[in-house]
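Structures given as structure tokens follow.
One chain, subunit A, appears in both complexes that follow, with subunit B as partner in the first and subunit C in the second.
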Partner chain A sequence: MIELYAITDHPTPPLPQVAPLRLVATGDLAAICAPAGDDGVSADALWRHEAVVEALMEQRDLLPVRYGTRFDDEDAAARAVEARRDDLAMALDRVRGAVELSLRVIEPGAPQAGDGASYLRDRRRQEDARRALHEPLAAVARAAMTRPSPDRSELLRAAYLVDRDAVEQVTGLIAQLQAANPTLRLLCTGPWPAYSFAEA
Partner chain B sequence: MTRTAAVGGREVALIDLVDRLLAGGVVIEGHITLAVADVDLVYVGLRALVTSVSTAEEKGMLPRMGSAL
Partner chain C sequence: MTDKLLHAPPDLDLFADDRPRLPDALSRRIDADPESVERGLAQLVLTIVELLRQLMERQALRRIDGGTLSDDQVERLGQTFMELDKRMEELRTEFGLEAEDLNLNLGPLGNLLDP
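Moving on to the complex of A and B:
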């Protein structure tokens, strides 16, 4: 059993020595895979997987593959890549030269409940704050997306697709937004492989 | 992220990691070894972490934005 890490262009620079990686080429695309371990879904297993994809990302453009994608052998992996060739080539072009930044915005002590009027007032205030943070970032990013927040203390959970050479500009803007909103906590991580922009 | 040395930053980033590896990435038909139930379990485990991050944030225990980069 082999596990897929990423889809990239073929040919591609030499693979890093972070794992027993193999290149499965089909035409001008290649899948990067390694023998599958018996990892489940522990935090350590996720971090190990991520470390491999990040090492790959340093040298090439890539589409990260959903965690846990496995095949019986390299032929089966090549057939599966071939079956989605056009989608994959288009998606790889979409993220070419870019990385992903993650932003979560937490409002410590945000009211979790209230009567009807104050609830609506809070919702409107939170929505305004959310937009004031998200819109300027989306404007400088190549693409942006948001995920639902688990509770009302999290104002925003977003991802921004950013050109590699614009990362500092965007993190600088996030630092400015943090300074302008001292009661909020802006938690930014990255650069990540473009996980949130891999599917159209 | 591998560049995230601070323990607090790593915990913050774990939520972002789960969002990406388990819900993002390109989907290629193969043996997807994770049942949806497994993913739910991870999120249940993280919900406690989300709460503790918020709490730690209020107490000023976690680094401000930027140090997690």
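Moving on to the complex of A and C:
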């Protein structure tokens, strides 16, 4: 069994020595894989996978492959890439030269509405606040997506696809937004492989 | 992973409740186990209900902006949405679903609940 880490352009710079990585090329795309470990599913294994993908993305544009994607052998991996060649090539073009930044915004001590009218007022206020944060960021990002928040204290959970050389600009903007909204807490992490934008 | 913090507030522990969910990282496949089929069905139904709830809530906010509702009507609407919101959360808990599970990836159209 082999495990898939990323899809990238072929040819590609030399692979880093972070794992026994192999390049499976088909035309102008290549899958980067390594022999699959048999240590089962665990948080550690997930982070090891992530570390490999991050080492790979330093030198190249890539579509990160979700942890746990396995094939019998290199031929099977090559066939799988071949079967979706056009979609994968298009998805790779979309993320070319960009990385993903993740943003979470919480409002500590968000008021708990007691009555109906204040519940709706809170919804409105949160919706406005969320827009005021998301829209300027989405405007400088190449693409943006939001995810449902687990609870009312979390205003925004978003991912932004950002050009590699615009990361500083975006984090600067986030610092400004934080300064302008002292009652909120903004947490930005990255740069990540473009997991949220890699759907082929 | 501190090297991944691009911007963090001083009270970073506010975010610490974010337990990583391993199943998320694995591909979500339909599983033929009866219990997970039931959960999958609940997930689908609750996703649709959540979509409707959000649409109606936004519609209500627009009507309030329009100024055509009396204070009494606003209060009743608000109560209704507050109750719905609470009930949705209970149902989610009952089926072991997170907010993020109540979404559908519509491919090129993005996510169903992507406001």
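The rule is simple: the second predicted complex is superposed on the first by the 192 of 200 C-alpha atoms of A that agree within 3 Å, B and C clash if a C-alpha of one lies under 4 Å from a C-alpha of the other, contacts with A are read in each partner's own complex, and residues count from 1 in each chain.
Definition applied: a residue touches a chain if its C-beta (ideal position, glycine included) is under 8 Å from a C-beta of that chain, and two chains touch if they have at least 3 such contacts.
Predicted model, so just to flag it, every value in this text is computed and none were measured.
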item	value
Which of subunit B and subunit C A:P20 touches, first, second, both or neither	neither
First, second, both or neither for A:P148, with subunit B first and subunit C second	second
Touched partner set for A:P11, first subunit B, second subunit C, both or neither	neither
Of subunit B and subunit C, the chain that contacts the larger number of subunit A residues	B
Which superposed partner A:A76 touches (first subunit B, second subunit C, both, neither)	first
First (subunit B), second (subunit C), both or neither touched by A:L120	second
Which of subunit B and subunit C A:G68 touches, first, second, both or neither	both
Partner chain in contact with A:G109 - subunit B first, subunit C second, else both or neither	first
Touched partner set for A:P182, first subunit B, second subunit C, both or neither	neither
Partner chain(s) touched by A:V41 [first = subunit B, second = subunit C, both, neither]	both
On subunit A, the residue positions that both subunit B and subunit C contact, one per complex	41, 43, 46, 66-69, 104, 106, 108, 147, 150-151, 171, 174-175, 178, 185-190, 192, 199
Residue ranges of subunit A in contact with subunit C within the complex	41-43, 46, 66-69, 101, 104, 106, 108, 113, 115-120, 123-124, 127, 130, 145-151, 167, 171, 174-175, 178, 185-192, 199
Touching residues on subunit A, where the partner in the complex is subunit B	1, 4, 7, 31, 40-41, 43, 46-47, 49-51, 54, 63-72, 76-77, 80-81, 83-84, 88, 91, 100, 102, 104, 106, 108-109, 147, 150-151, 153-154, 157, 171, 174-175, 178, 185-190, 192-193, 195-196, 198-199
Subunit C residues within the subunit A interface of the complex	1, 4-9, 11-12, 14-15, 18, 20, 22, 25-27, 57, 60-61, 64, 71, 74-82, 98-100, 102-103, 105, 107, 110-111, 113-115
Residues of subunit B defined as touching subunit A within the complex	1-2, 4, 9, 12-34, 38-39, 41-42, 47, 50, 53-54, 57-58, 62, 64-66, 68-69
